[in-house]
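Shared chain: subunit A. Partners: subunit B in the first complex, subunit C in the second.
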Partner chain A sequence: MHHLNATRDYDACIDLCTKMLEKNPYDQQAWTRALTAKNWIDETEMEEEGVAEIMMDENATAQVARPGTSFARPNTSASRAGGGVATGLSSFNQGMRPMTRAGAPMTGFARPATAARPSTGSSRDTIETAFRGSGRPGTSRPVSSAARLTRLGTATQLSEPGGPFIDVDKLDLRKYAQKDALARALIEYIMHHDRNPKKAVELASLATVNANFKDWWWKERLGVAYYQLGMYRDAEKQFKSSLKDQPMIKTVLQLAKVYIRIDQPAAAMATYVKGAELFPGETSMLLGQARIHDALNDMHLGVPLYKEVLKWDASNVEAIACLAANHFYTDQPEIALRFYRRLLMMGVNNTELWNNLGLCCFYASQYDMTLACFERAIKMADDEEAPDVWFNVGQVAIGIGDLGLAYQALKIAVSVDSTHAESFNNLGVLELRKGNVEAGRANFEKASREAEHAFEPAYNHALLAFKTGEFQEAYERVEKALECYPEHADSVELKKQLKKHFTLL
Partner chain B sequence: MEAIREGERQAPAPPTGPRSALARARATRPEQTGATTAAPEEKRPNSLWLDAWNDPMAGAPAYSPCVTSADLAGDGEWRLVVATADKKLKTWNGTTLASEHTLLEVPVGIAAFYAEDHNNPASMKAPSLAVAAGCYVYIYRNLRPFYKFTVPNQTVDAAETVTWERLRDGAIAPVEAFETLSELRDQGAKLTSRSLDLLAIEEGEDVQARRDAFAYGNAPEPLTQQTSVTCVGTIKKRSDDAASPDCVYFGTESGQLYVLHSSGTAVRSVFQLPAAPAFVASTGVLEVDYRIVVACRDGKAYTIKNDEMSGVVVEFESQPVGLCLGGKSMIVGCMNDVVHAYTVRGRKEHSIYMPSNILAMEELVIDRARTSRCLIVALGNDELRVYNGKCLVSTCAMSDRVRGMRFGRVGREDNALALTTRGGSVRVKIMPRSAKLEGSSRAGPPAEQDIPLAVPKKTKLYVEQTQRERLNAIDMHRVFQRDLMRLRYETGKAYLKVMKDGTGPSSSGQDGVNIRLNATIQGLGPLFRLNVELKNCGEKPVMEIPVLVQSSEVYKIPKPIHRCPVLLPGYTYKIEVMIHCVDPNGGADDVHVYVCRAEGGRPHVNAIVKMPMSEFADEPR
Partner chain C sequence: MGRGADSDSDPDVEDDDYYGASAKASTSAAARRAPLTSTAGNSQAQKASKAIARERRNYHIHRLYVRQEHKECLAVIEEVLGEFGGLCEYPIYVRALIKRHEGKIAESLTLFQAATALNPHNVANLKQVGRSLYLLGRHRAAIDVYDEAQNAVGADDWEIWHNKGLCYMYLKQFDESVECFKGANDIQRHDTTYAQMGKVYALQEKYNEAVDVYLEALEFSPENPEVLTTIGLLYLRMGESFRAFDYLGNSLTHDPRDPKAILAAGSIIQDNQDVDVALIKYRVAATQTPNSAQLWNNIGMCFFGKRRYIAAIACLKRALYLDPFEWIIAYNLGLVHLNTGQAASAFHFFSSSINLKPDFPSAYMYLAVTLAKLDDHDNACAAYEKAIEMDPGDHLFHLNYALTLYVAGEKERCVERLEVFEGLWKGLDDETKNVDDEVPKMRGLVRKALGMSDVFGGGERSAVL
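Presenting the complex of A and B:
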C-alpha cells in the first residue's frame, strides 16, 4: 500500500485500502492519503474569483485607487505616474501590446485568475460582466470560489460508489484533534477531498489549541481554511503567526495570495521580497514578484526577475514564455524566437507555442518557416484556441497585403468565437476598404461591445463617423477610445479636429 | 475520479499581434489652412512684468474697450480711466481714486482725444473723453460733461411712415395697420423697432386689445429709428504728434461707421458696412493716409482706406474676439483659440494656436531706439502671454480671469499694462526697461527632432538572420510562396465550410440575406435564459423565419421553436428562450441555435452556445 502511494498509483491504492476496510472497518491505519492526494489542488496558486466575490466585495477600500496601488487599474502604473517615462519602450503601451479579454495587460503566460476581474470600462460592476468568464469564450464564472470548491467536493463524492468515504459531519472532531498524526491526515482529507472549509476551521482551531498555539503547521491550515471561507483578514493573522513560529515557503506564498486577493499589491510584493531573502533561490518568490509587476503594468521591472528565475531554474516555462513575450512586444522578435525555440526543445508542444513561433518568424523576416508554423497551429487548435490562431493568420495576411485571405481568416475566427473582438475590429476595417460602410460600422459596434477596454474599435468607429459627418457620434466614440487609452495620439488628434468643428462658425 | 490541478501551468498565451497596425494606418490628419506655428510649450521666467499696483476692491468690471489712460489734467500725470459695467466712470491718479461719475447707460467703449475747439484754444491742452453708451457719445471735457452727441436717426421706410401716420389720423384701424406692416416685413423692408414690437404681439387671449393699446399709445409720436454704438476709437487728424487733434469714430448696430469732426460735435463721414462692427482699429493720419479696419459680426474684417471702402475683405474661420492693428499687420483673435496675423492687404502671415480661449488682446508698442511691437494675449487658463511676431516672449500666470487690458502710459510710467479682472479688481503691471522682447525665434526643425527615439538596438541575432535571408533569398521566397498557396487553400476550405454550415455570427449572404446572430446565456442554473439577438444586415426585409433551439438530453427546452414574422433591415430583434438543466450532476453541454429558412434547406445561420456549469436544483426535479 505504501509503495503504491509513493509511486502515485492512487487508484490502485484506493482499491487496496477499500478491501482492507471491508475486512476491518475500524482499522485506522487504512485511512490513507491516497484519496486526498488524488484530489489535490495547488493551494498556492490563485483561483478564479466567483461572481459573488466580484459583485459583493466587502474588502474593496477605494473605488479609485492611487496609481500603481491596485490590480483593478492597470492603466495607471506607478512608474508612469511618477513623472514621465524615461524608457518609453519598456513600459506598457496599449498601442504596442494588446490586452487580454478581461482588459488586463497581456503577459506571456496564461495564469489562473491573474487579473481575471474585469478592470476597466464603464460596465465594470454590471452583473453581465461579472458573469462573463475571464479567459475563454463559453466559459462562465462560478458563483463564488467557495461554491466552486464545494462543487468539486460534491463531484468527487458523487463519483464514489457507496457514498463518501468518511462522513465528516458525524465525526467527533474534538476526539480526533487529540491524535495529532491522524488529525493531520483528516484535515487534508476534509480540505482536498470533501472541500468543507467550515469543518476544516473547526478541526484546525481545536488542533491549534491542543498544540498550545505553537504549531506552525496547524496555523497554516487554519489560515488556508479561513481563506477558503473568504475571511481574508483572519487568514492573514494565522499566516503571520505561523511564519513567526517557523518560516516556510508555502506559508509565505499563502500570505502573499491573501494580499493579492484583497487587492494590496504592495503588501504582497513586500511579502515576496521578504520570502526571497529567507529562501534564496526559491523561484516561486521571484515569479510572484514578477507577476505582480506584470499585473500592475510594470513589465520592464518584471524582466530582471524572470532572468533571475532562469538563473536558478533554466527550464522554467513561465519565465521563458514571459521573457519571450516581452521581447516580442519590444520589437525584438528574433530574440523571442530563440526563447520559443527553447520551449519547443523542452517538450512544450501546443497550439499557442506554434502560433507564437509563426508570429515571431514573420516579424523576424524568417518567411520560409512562418506559414508552416501556423499550419501546425491550426491543425492542433481546438475551438478555444482556433479564433486566436485564425486572427493571427489574418494579421499575417494583412501584413503581406493579401486582404482576401485576411478576410477569410477573420471570418473563420468569428465563426468559431462570435465574441472575438479583435477579429471584428479588423473585419470592420476590411469591410470599410471594400466600401461596405454599414457592415464596417456594425463590426466596430460589435467589437466595442465585446471588448470595452479596447480603444481600436472605438477609434475606428469614431473615424468612420467623422468621415460620414456624424460629429456628435464621433465625439462620443473618441471619448471612449481616450478613456481606454488616454495617450493614443490619433484619438487626441481626432478629438482636436472635432472640437475645432464644433467651435467653427 | 477526476484529478484537478487548479494551478496547472498553461502554455504561453498567444500574443495577438500588433492589432493597432490597421487602426494606425487609417489615421487622417485633415489639413490646416495657412501657415501654422505651434506655440512653444515651455514656460519662461516671469521677467517681463513687474507688479506695480493691485486693488482687488476697485470695483471696476470692464472689458478692454472701456479701459484707457490719458493725461486728463494736462500735467503729464496720466490717469487710468475705466468705464465700468455698473455705469460708473472712474479715474485713478496714481493709486488713488481721483473721480467717479455716474453714467446714464452701460458704456460700450471710451476713448480719450484732443478736441479741436477754435473758440477755446485752451481746451486743446488736455484731452477730452468720449464715452459711448446706448445711442449717444458723451463727451467729457476736464471731467465735466461737455456735449452729448446723438447718433443720427436711421432712415425709415416711407410706406411704414405712411402707415403709422394714417393710424394716428384714424384713417385705418390697428388691424389693418398690423396687416400692412406684416406685409412690409415679408417684402423685406427694414422696419423700425416700434413696428417690430407691434408685430411681436401675437400670443395670449387679449391679443387684439394689447395691439390696439400699443398702436394707439405709440402712434402720436413721430416715427424714428435709433441705433446704438457698438465700438469706438480715435484717429489723429493732421499729424502724428501726441497732442495734435484727434477724430472720434464709432460703429453702430445698423452697420455704419461714423467718423466725427475733431470737435466731436458733427459727422465728418459715414460708411455703410455689410454687418454690425464688433471691433475697430486704425492706423495713419486722417488727412494724410489712413486705414480703419472693422471686424464685423459676420466673421469678416473690412477695410476703409482714405475715405473709401477698400476691396480687401478678410474672412475668419470663427467669430473674432479681438483686433489689433500694428504697423503693417492686422492681428485677429478668433473664438477657436487661434490668433491670425494678416498684412493690411489681407494676406495671411501666420497663425498662433493658443492652449485656451482668448479673453483679451492688446498691442504692445515700445518706442525706444527702435520700435518694437508685440502682442499681449490674456487666456482662459489664466495666462498672460506676450508674442513677438509668432515667437512667445513671456508667459505670466494671473491669479484671476482677465477681462480687459490696456497697454500705455499710466502715471509717469511709459510702458504700463492696466488690467481689469473678472472679480472687478484693477492691476497695473509695468515693463522694466531691461525687458527683452526679442523672442528666441527658432527657425527650422523643432527641438524634439534632436532627441533620439528609444529604439531598441538591433541585435547580433538580427544581423545574422538578415544575412541568412540575403543568402537564401530565392529558396525562402519559394518556400514561402508554396506555403502561402497551401495556407490559402486551407483557409479557403475552412471558409467554405463556414459558409456551407451557416455557422458564424452572420450568414454569408450569397442569396442577398445577411442575418447576424448573437446568443448569450444568463443565469446560474438549473434555469437559464438564452437571449438570441437577430439583426438583418442585408438590404431587404426577411419574412417568416423559424428559430430553432436544440440540445442534448442534459437540457429541457419548453419552447424550442420560435417564429420571427419579419426582420427589417437594421433593427435588432430579441428572442428569449428558457432552458432547464435536468442533469442531476449539473453537467454542461452545447446548445445549438438555428436560424432557418421558411422554405427549408440549410439554415441561414447557426450558432453553438457553450452552456456554463449549472448549479444544483434545490429539490430534485
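Presenting the complex of A and C:
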C-alpha cells in the first residue's frame, strides 16, 4: 500500500485501502492519504476570483487607489506617474505591447487569476464585465466563489461508490485533535478531499491549542483554512505567527498570496523580498516578485528577476517565456527566438509556443520558417487558441503586403470566435482600405464593444467619425480611447481638434 | 376653467424681449398671472418687472460661463429655470453651450431648439442649431437651418457663410463650399476660413490655389504657426523643398515643439544630407509622439545615411510594426537590406512594398536589382521592363538594366539600354547629374567594360544608392 502511494498510483491504493477497511472498519492505519493526494491542488497558486468577489469586494480600501498601489489599476504604475515620460523605451507602452482581454499587460506566461480581474474604466463595476469571465464564449462561465475548489470536490464525490469516505460532520474533532499524527492526515483530507474549510478551521484551532500555540504547521493550516473562508486578515495573522515559530517557504508564499488577494501589492512584494533573503535560491520568491512587477506594468523591473531565476533554475518555463515575450516586445525578436527554441528543446510543445515562434521568425526576417510554425500551431490549436493564431497569420500577411490573405485569415479568426476584437479591428482597417466605410465602421463598433480595454478600435472609430463629420460620435470614441491609453498622441491630437470645433462659435 | 387651461400652455413661445409680438397670447398670460387687476396698464407694468426679473441674473450666468466655471454656472441656470418654469432663453442657451463643451451634442441640440422655440427671432439661436446639426454630421439639415438664418438676419454674417462652407465641404460639393468661404471672407476675414478654404483646395489636389489661399491668410496673421506649417507641407508636396523649409523653419521659431513641423523640417534637412541635425530635431519629436511610424522611418533613414545599418533596420522595423500599411517603410527596409547584402530579405520587403503600392516605379527597379542578385535573371528583366514601362524617363532604370544585362552576358541588349541611358543623361541638367557621383562612375565602368570587357565586378551595388 505504501508502495502504491509512493508511486502515485492513487486509484489502486484507494482500492486496496477500501478492501482493508471493509475487513476492519477501525483500522486507523488505512486512513490513507491517497484520497487526499488524488485531489491535491497547489495552494500556493492564486485562484480565479469569483463574480461575487469582484462585485462585492469588501477588502477594497479605496474606490480609486493611488497609482501603483493596486492590481486593479495597472495603467497607473508608480514609475510612470512619477517620471511622466512615456518614451516607450523603458516602461510599458501600449502602442508596442498589447493588453490581455481583461486590460492587464500581456506577459509571456498565462497564470491563474491574472486574466480575470477587469481593469479600471467605466466598465469596471458592471455586472456584465464580471459575468463575462476571462475566456472565450462557449468555454467561459463566470467563476463562482471558490469555484475550482468546489467543482473538483463535487466531481470526486459523485464518482465515489458508497457515499463519502469519512463523514466529517459526525466525527468528534476534539478527540482526533489529541492524536497529532492522525489529525494531520485528517485535516489534509478535510481540506483537499471534502473541501470543508469550516471543519478544517475547527480541527486546526483545536490542534493549535493542543500544541500550546507552538506548532507552525497547525498555524499554517489554520491560515489556509481561514483563507479559503475568505477571512483574509485572520489568515494573515496565522501565517505571520507561524513564520515567527518556523520560517517556511510555503508559509511565505501563502502570506504573499493573502496580500495579493486583498490587493496590496507593496505588502506582497515586501513579503517576497523577505522570503528571498531567508531562502536564497528559492525561485518561487523571485517569480512572485516578478509577477507583481508585471501585473503593475513595471515590466523592466521584472526582467532582472527572471534572469536571476534562470541562474538558479535554468529550465524554468515561466521565466523563459516571460523573458522571451519581453525581448519580443522590445524589438529583439532574434533573442526571443532563442528563448522560445530553448522551450521547444525542453519539450514544451503547444499552440502558443509555435505561434510565438512563428511571429519571432517573421519579425527576425526568417520567412521560410514562419508559415511552417504557424501551420503547426494551427494543427494543434483548439477553438480557444485558433482565433489568436489566425489573427497572427493575418498580421504576417499584412506584413508581407498580401492583403487578400490577411482578410481571409482574419475572417477565419472571427468565424471561430465571434468576439475576437483584435481581428474585428484589423478587418475594419482592411475594409476602410478597400473603401467600404460602412463595413469598416461596423467592424470597429463590434471590436470596441468586445474589447473595452483596447484603444485601437475606439481611436479608429473616432477617426472615421471625425472624417465623415460626425463629431459627437468621434468625441465619445476618442474619450474612450483616452480612457484606455491616456498618452496616445494621436488621440490627444484628435480630441484637441474636436474641442476646437466645439468651442468655436 | 377651460380658458385657464389654455393659457397655461399657450404663452410658452413668448419671451420677454418680444412680448409685444404676440399680443393675444401675452394678454391672456397677464390675465392669468394677475387675475385681480384687469386694467391694461397694470398688466403691462407687471410684465416689465417680470421681464427684468427674468434677465436679472443673466449677467451672472454669463460671467460664470466666460470664466469656465461650468459647475456653478449650471447650478445658477438650474435655479433660474426653476424660478420661471423653464421659460428663459439665455440660461437655456448657455446651458446648451456648456453641454457642447462636455461633448454632449445631441443634448445641446435639443436645448438650442428649445431656445429657438422661445425666441424664434434670435439669429444666434438658429446659428447654434445649425452648428449642432453640423457637429452631429447632419450637414444637409444644417445648411437648411443656415439658409433660414440668413433670411432672418437680413444683413450678412460671416459665420453663417463660413459654416455653410464647412457643410458643403463635408458633402463634397467643393465649388459651393469655396463660394461660401469667399462670401465669408468678403464680410470679415478669419484664419479659420482661410484654413478651411485651403483644405478644400488641398482635398481637390489643387495645391497652387491652396498655397495662394494660405499665403493670403499669412498676410492677415503672419505669426500663425499652423498656417506656416501647412504652407510648408504644401510646398513639400509640390516638391519645392527650399521654400517649404523657409516656412517650416518660421513655424518652428513660433512653436518649436510641433511634431508635424519637426517631422517635415527634419525630412528636408535629411534630404540635404545633414543627418545629425535631423536626428537632433527628431529627438524632440520622439518624446511627444513615440508611436509615430513616420518618425521612426525617418530616424531609420538617418542611421542609414550614417551607414549604421543595424540601428537603421531596428528603427525601420519598429516603424513597420507600428504601421504595417506604410509602403515606404517596407521600401526603405528593402533598400537597407540590399545594402547589407541580404538580398532575400530585401526581396520580401520590396515585394510587400509593391503589394501595398503598385504604382511606384523605383520599387520595381530595386526589386529587379534584388532579383538579379538572387540569380533570377528572367524575373529581374521583367521587373526592369515593368519599371521602364511605368516611367520611361528615369535614367537610373536604364543604367541598372544595362548592368544586369551585362553581368548576364547579354551584351547586345546591354548596349541598347546604355544608349537609351546616354540619351537621357545628356538631357539632364548639371544639378541632377551631380546628385549622385556613383552614376557617372558606373557609367564609365560599363562603357569601359563594354569596350575592354574585362575590368568589371559587382557593379550594381553602388549604383543602387
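Convention: the second predicted complex is superposed on the first by the 483 of 505 C-alpha atoms of A that agree within 3 Å, B and C clash if a C-alpha of one lies under 4 Å from a C-alpha of the other, contacts with A are read in each partner's own complex, and residues count from 1 in each chain.
Simple rule for what comes next: a residue touches a chain if its C-beta (ideal position, glycine included) is under 8 Å from a C-beta of that chain, and two chains touch if they have at least 3 such contacts.
Predicted, not measured: the structure shown is a model, and the values here were computed from it.
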Regarding the shared-chain residue A:Q472, is it in contact with subunit B (first), subunit C (second), both, or neither?
second
Which of the two partners, first being subunit B and second being subunit C, lies in contact with A:T503: first, second, both, or neither?
both
Based on the superposed arrangement, let me know which partner A:Y367 touches: subunit B (first), subunit C (second), both, or neither?
both
Does subunit B (first) or subunit C (second) touch A:A211, or do both, or does neither?
neither
With both structures superposed, pick whichever of subunit B and subunit C touches the larger number of subunit A residues.
B
When the two structures are overlaid on chain A, which partner does A:D331 contact: first (subunit B), second (subunit C), both, or neither?
both
Does subunit B (first) or subunit C (second) touch A:L405, or do both, or does neither?
first
The shared contact residues of subunit A with subunit B and subunit C are 87-89, 95-96, 331, 365, 367, 395, 398-400, 402, 429, 490, 503-505
In the complex, subunit A residues that touch subunit B:
11, 38-42, 44-45, 47, 51, 87-89, 94-96, 98, 100, 106-112, 128, 131, 133, 137-140, 142-143, 147, 151-152, 154-156, 158-160, 317-318, 321, 324-325, 328-332, 334-335, 338, 340, 343, 348, 350-353, 355-356, 359, 364-368, 370-372, 374-375, 378, 385, 388-389, 391-393, 395-396, 398-400, 402, 405, 408-409, 411-412, 414-415, 418, 422, 425-426, 429, 438-439, 442, 446, 454, 456, 459-460, 463, 467, 490, 493, 497, 500, 503-505
Which positions of subunit B touch subunit A when the two form their complex?
1-24, 26-30, 299, 317-319, 335-337, 453-456, 459, 461-462, 465-466, 468-469, 472, 475-477, 479-480, 483-484, 486-488, 490-492, 494-495, 498, 503-505, 516-522, 524, 535, 537, 585-586, 607, 609-610, 612-613, 615-616
Seen from subunit A, its contact residues with subunit C in the complex are 85-89, 93, 95-96, 331, 363, 365, 367, 395, 398-403, 429, 433, 465, 468-473, 475-476, 479, 488-490, 498, 501-505
Residues on subunit C engaged by subunit A in the complex (per definition of touch):
100-101, 103-106, 131, 134-137, 139, 159, 170, 192, 259, 286-292, 314, 317-318, 320-322, 324-325, 327, 330, 337, 342, 344-345, 348, 351-356
